[in-house]
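Here's the structure we're looking at; comments come further down.
Lettered A, B, C and D in written order, each chain numbered from 1.
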C-alpha cells in the first residue's frame, strides 16, 4: 500500500492515536482503510480517464498511487473517503462519493507478501475500495508531484503498472474490470 | 410497473418495433428495462431526498413512480438510463449515471401477481435497478404532474407506499436499504 | 452490536491483543468486524429461512443476534467469516462462504447512538456484512441458548425485531432487501 | 457470445417463441440472458478452479465457453440460471445459485463488434453474470466435448483466452477480478 500521510501530526483531534500508539496498533490489529480510484466519466457514466498520483518514494523512485488512507475513530466511511479525496486532489475536486456503502471490492493488505495480491510492509490493512467520479478541478496536494489522467488502457499498461506498488496496480485493474474498462 | 411512455411513436429509429410487434413480443419474451431511483445527496454522498414522479393513471387515481423504461435494440444500458432520466426529469437534471453496470438489484415484473414482489399486467419485464444522484434542476416532463422530493422516511411511509404500484414502492425500499436509509 | 465472544482468552496466538490492549484500541480505532446472516436456501437460491441466535444478555433479557465477530490480525476476511460461523453454528454447519469479498453492505457501529442505524456502546466497529447460506446441521454453541430458523417475514416482524439490539434487526432487513425477501 | 442451445425445439411450453418468431425478435429487441462462471471453491470460499466447456464450432474450431443462455418468458432469473447450469453441467452438479439477484456485472453483447467488449453476431443480448460455485459431479452435456477445470491463472492465460469467443474470455477475467483471483 503506497504511503499516504493520514493526517497532520499536530494538532490532532481528541481520541486519535499518538504515533507510538498507532505503531503498536499496527502490529496487532487490522487497520481500516479506504481506497478510491478517481475517474473522469462522460455523460453516460462511462469511464474515460483514471487519476493517478505521482510521488517519489523514500528510495528516490517514482511511484504512482490511488487515493488511500485510514478511517479514523468515530468517522464514517463516506466522510473518510471525502476527506482523503480532498486531501489528495484538492478542495475543488468535487468527488461524487457513492450513495451506497457497498464497495466494489475489499483489498486486504498483509504485511507478509503473497497472502493476497496486496501488500503493506508496515501493517495489516483492510481497505474498502470505491470508484469515485470527480468532476471539478484537481490539484495534487502535499507530497504528490503530479496528478496524471490516463486512459484505462494506459493505466493498466505494463509501464504504469510497474510504477504502482503494494497491489495498487492490481486494485486499479479490478476497478477497471468492475466498470467494464479492463483492456 | 408504472407505465412510462418509452418513446414517441413517430418518427422511430430503424429497427425499433411497431406497436403491434411490441405487443406480440410482450406476450412471449421478457423485456429488458431499467429502473432509476433519483436522489439528492450531500457532499458525503448521503441520500437526503428521493424524487418521485406524480401521475394520474387511466382510472383517474394519483400514483407515484420511479423513473422506468425499456432498453432499446442496440442501446447500451447506460444510455437507456440517461435517456429515461432526461425524458422524465428534463434536459438539465444532470444525472450521475453509475460508472459500473452492476445494478443494486434486478426487479422481475411478472404479469402474474405474487411470483415476485413486482407486477406488470402488460408483460414480463426484467429491470436493472440503479440509485442515481441528480444534481441539476429537475422538471417533470410529459405526462407527469409533478416531481416531488421526499425524505427517505416520507418515501418509505405508508401514505406514499400505497400510491406506488406494481412493486415500485418495494423497489424504493430496497434502494433505501442499499444506501443505508431504510427507515 | 450484540456481543459475541471473539476467542478464548487462553491460549492466544502470538500477536493477538491482551484484554487491556484491546480495551485501549477500542477507545481509539475503528475495529474491523464481519457480520453474517445465516440462511437456508432452496435449489434456486431463494432464501426460505433465516437463522438467529438466541441469547440472554447481562440484564437477563432475551436477545436475538446475527453471527458477528472481529477480524484478527493477519486473518483474511473470508477466514474470519468461516471461523465465526463455525464457532456460533457448530463444526458441521457447512457455510457457503462467498467467493467474492464484496459485502452486501458495510455496517458502521458507533459508540454514539444515532450517527448510523447501528450502535455498539463498547466501540466503533465497522463490519463487512454477508448473507451466507448454510447447508449442514447447525447447533448453537457456547453462550447461545438456541438457533432458530425463521421465515424472512417472521424475522422482519415487529416481535423479533425488538429482540435484536444494536442495529442487527436493521441489518437483517437490509439483507432481506438484498435477496429480494423484504416483507 | 458462444452458442448454447437454449431449449429443445419440441415439445415447447406454451407461449415460447417459434424459431421464426425468435429470429424476428432477435433483430429488434435486446434479449435477456444469464451467464454463469462455474467455479470450485475451498472451505473459505476462495476460488480454486474455473469450469470451461469445450466445443467444436461450425467452422470446426475448438472453443471454450462459460455457461450461458436465455431467460424464458415467465421464468425467474434464478430459475434460468439453475436450468442452464443443469443443462450444461448435468443433473448432479449441485450449483449454488446466488441468494441475491445482484449480478457481478452486466455483459452487453452487441451484433456490431467494438461497441462493448462483448459481441454476438446473431443478436443484441444483455446478460446478467454470476459466479456460481458447484459442489457436485459435473458431466458435459449435449454438444460439449468436455468440461475442463482450470486454475484462474490458466483460464486467464493467453492460450485459453484465444479459444473463448464473443467476449467470454473478457467476462471470465472480470469474474476473476471480482473474486480476487485475476492473475
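Keep this in mind: a contact is a pair of C-beta atoms (placed from the backbone, for glycine too) under 8 Å apart; a residue touches a chain by one contact, two chains touch by 3 or more.
Just so it is clear, the structure is predicted and the values come from calculations on it, not from any experiment.
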**Item:** Contact-richer chain pair (by C-beta pairs counted) among A-B and A-D
**Value:** A-B
**Item:** Interface sides of chain C and chain D: same vs different residues, half threshold
**Value:** same
**Complete:** Chain centres from averaged Cα atoms put chain A and chain C apart, in whole Å, by 28
**Fill in**
Per the C-alpha centroid definition, the whole-Å distance linking chain A and chain D comes out as 34
**Fill in**
Two or more other chains are touched by the chain A residues 76, 100-102, 104-105, 116, 178, 180
**Asked** Chain contact graph: line, ring, star, complete or other?
**Response** complete
**Asked** Inside the complex, what are the residues of chain B that reach chain C?
**Response** 105, 116-117, 170, 173-174, 177-178, 180, 182
**Message:** For the complex, give me every residue of chain B touching chain A.
**Reply:** 39, 41, 43-47, 76, 78-79, 81-82, 96-102, 104, 131, 133, 178-180
**Asked** What part of chain D is in contact with chain B in the complex they form?
**Response** 15-17, 21, 24-25, 27-32, 71-77, 100-106, 108, 110-112, 115-116, 124, 126, 128
